[in-house]
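First chain written, first letter: the chains are A, B, C, D, E and F, and each begins at residue 1.
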């Protein structure tokens, strides 16, 4: 159903298999999900995307669960069905409770609502909100 | 520049002033920002939006700073200039460090990127991502 | 500030002026707004857009004010600053009252909110909502 | 297929059932659609969303059918598959004729088109469109 | 599954059949895809959309393949599942190679990423980017 | 006006200056635009974004001008004011003629229009559009 074939392990080149193996090791699972198998049609794009994702989503000033919830929020606003599913699953795996999931959805809904109202009203940005140069 | 006039304290009805006063008290500041002054043209919409925002953004299973960062993420994906400014300011006021701000932007950028790639590839959702009925 | 120059009456070709004149006549005003002056850099696109707009936005099974409010709703969801301003002005000119404007914004906000929640939940479409083939 | 289980009547708490019952009564049907069954995983969010929807979508300065069409317009611009289906169904139930549906789609298409062109041209907002402060 | 029935050749009016026939002739195939069969519920909208599409997507200052890739890019950013599928198919039919498809996706992903970062940072537009008036 | 200060050459760290210098050399100009100066608040994000952009936008299976036009298309659909300005300027610098610019806008407008109509109709994807697995 994708616009490209999904690449199985058998069809994968050595370059692609190396990325698949790194995904498996970092995540501690044998399962490589469809996003990477579709992306594998372009090995360079596969590698660049995975390397960057690994770096961005690791621990830092924000914890991995917070990052996953931000990812879900963006994916929801962009109506990316695949991304909502995969990153909601990831957030649950990283400990998101049903209560946290409910609040995540409530904040997304609230933000969408006031995004619409503020844009519809074309409210001018307050001077106090502008960062000093 | 808004599509409606901004309502000053002098022009505000008692109903509107009551909401403005609650905003001032909850936030501990005299300043009422333009969003509420624009919304005040419809007192019922003003009250409903403020009451809901107060409830959703308060402490719960997620802390207020995490909620503000999720709010910024949604507002960014929706290109709401006003909301990005006001909620980035709010996140800073709630303690978001420059490092956290940088990681927030990195996650937003990463999510936008893979949203585009997953949608462009029309990757089918893996069965393992679907919640049991 | 546009990505192209705005075309004044003096700079306009005969082909462009003919469209400007039709805009003036249909709208009963001398004023030609910036959208058309920017679009005039491509006379064929100017003509095709104006001819189609005139046809779509005229009276039909929906009245012109309802059409303008739908236009504002789409433009808001798409964060088109120019379009929100121009079509809110047009809706007011066609009789939109402050109460109607407030309800329009309330519906936009409600729709945005449930759009976010339904997408975040990935709610499957009920069979009863699907039109018969 | 949702990111949460759908809550059946049998699984519903008393708090959830009370909302389901109100939905049934207000709409005059036994059927409770999937959106509410998914939302029922967070009873507080379920109640707040339903109470607000009931208020916003009822008769007022705009009639219920006009509101539904505005809802469809926003949902379409936001690519919310579920919302397009459910609110198109609701609009038909409130009397939207095939001719009105066709014009709704034509206006949505026209707005999307000029949203893209105006944003691509970055047309500056005319002074005459700005509401007086 | 559409919000309207798909119109078969047998059900089509003479006006609709004339458009279907033109689609067949221009594209050199007997197959009329679902978009046109859904649109056929409003014959005037069907004709206007097809006539405009035929004109816009034909050869000009940009070649047809470049136009198709731009179409895919917009459709991806707007999360239009149908449009991503149909225009990716069209781009392949017009000669898009797997390498070009990969680069198209890489550019879409890059643009989405910096769209998010630039909007999140609210970067002011440089004076040098503004076209002279 | 940004949500962060713009970093001048004087304020820049050695790490940031090294990226600025590479931007200057690759582009053959002394001018470093605001996007990079805002991004410089997070040197790691600055470097990663620039390195990736340089790689993605260089010549390959698609020529640089085609890539810039695709970039403009995505940025327009996402309503990124900054990105539309900067990448339209870049496209002109790479040789986009006024005729090509007009056709780019016409294709964007056409795609937006049919995106809205296809989503509003919820047209099911034709089997013939689905790539073989």
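What to note about this one:
Everything that follows uses one rule, which is that a residue touches a chain if its C-beta (ideal position, glycine included) is under 8 Å from a C-beta of that chain, and two chains touch if they have at least 3 such contacts.
Listed by chain with UniProt protein names: A, B, C, D, E, F = Alkylhydroperoxidase.
Please read all numbers here as calculations on a predicted model, not as lab measurements.
Both chain A (Alkylhydroperoxidase) and chain D (Alkylhydroperoxidase) are touched by B, C, E, F.
Each of A-F and A-C has its own count of C-beta contacts, and the greater count is at A-C. For the self-contact between chain B (Alkylhydroperoxidase) and chain D (Alkylhydroperoxidase), the two sides draw on mostly identical residue numbers; the shared fraction is above half. Rotation angle, chain B (Alkylhydroperoxidase) onto chain E (Alkylhydroperoxidase), C-alpha superposition: 180 degrees, expressed as a multiple of 5.
Summarising the inter-chain layout, the chain whose CA centre lies farthest from the centre of chain F (Alkylhydroperoxidase) is D.
Centre-to-centre separation of chain C (Alkylhydroperoxidase) and chain E (Alkylhydroperoxidase), using mean CA positions: 20 Å. With centres set at the average Cα position, the gap from chain B (Alkylhydroperoxidase) to chain C (Alkylhydroperoxidase) is 26 Å. Residues of chain E (Alkylhydroperoxidase) in contact with at least two other chains: 1-4, 45, 48-49, 52, 74, 76-81, 84-85, 88-89, 99, 102, 104-106, 108-117, 119-122, 125, 130. In terms of inter-chain touching, the protein chains here all touch one another pairwise.
Note for the complex: chain E (Alkylhydroperoxidase) touches chain B (Alkylhydroperoxidase) at residues 72, 76-77, 79, 81, 84-85, 88, 104-105, 108-117, 119-122. Considering their complex, residues 3-4, 41-42, 44-45, 49, 74, 78-80 of chain F (Alkylhydroperoxidase) touch chain B (Alkylhydroperoxidase). Per the touch definition, chain C (Alkylhydroperoxidase) reaches chain D (Alkylhydroperoxidase) in the complex via residues 1-4, 31, 33-35, 38-39, 45, 49, 52-53, 56-57, 60-62, 66-67, 69-71, 73-78, 80-83, 85-89, 97, 99-100, 102-104, 106-108, 110-115, 117-126, 128-130.
On chain A (Alkylhydroperoxidase), the positions that touch chain D (Alkylhydroperoxidase) within their shared complex are 79, 84-85, 88-89, 98-99, 101-102, 105-106, 109, 116. For chain F (Alkylhydroperoxidase) in complex with chain A (Alkylhydroperoxidase), the residues that touch the partner chain are 1-6, 48, 52, 55, 125, 130-133.
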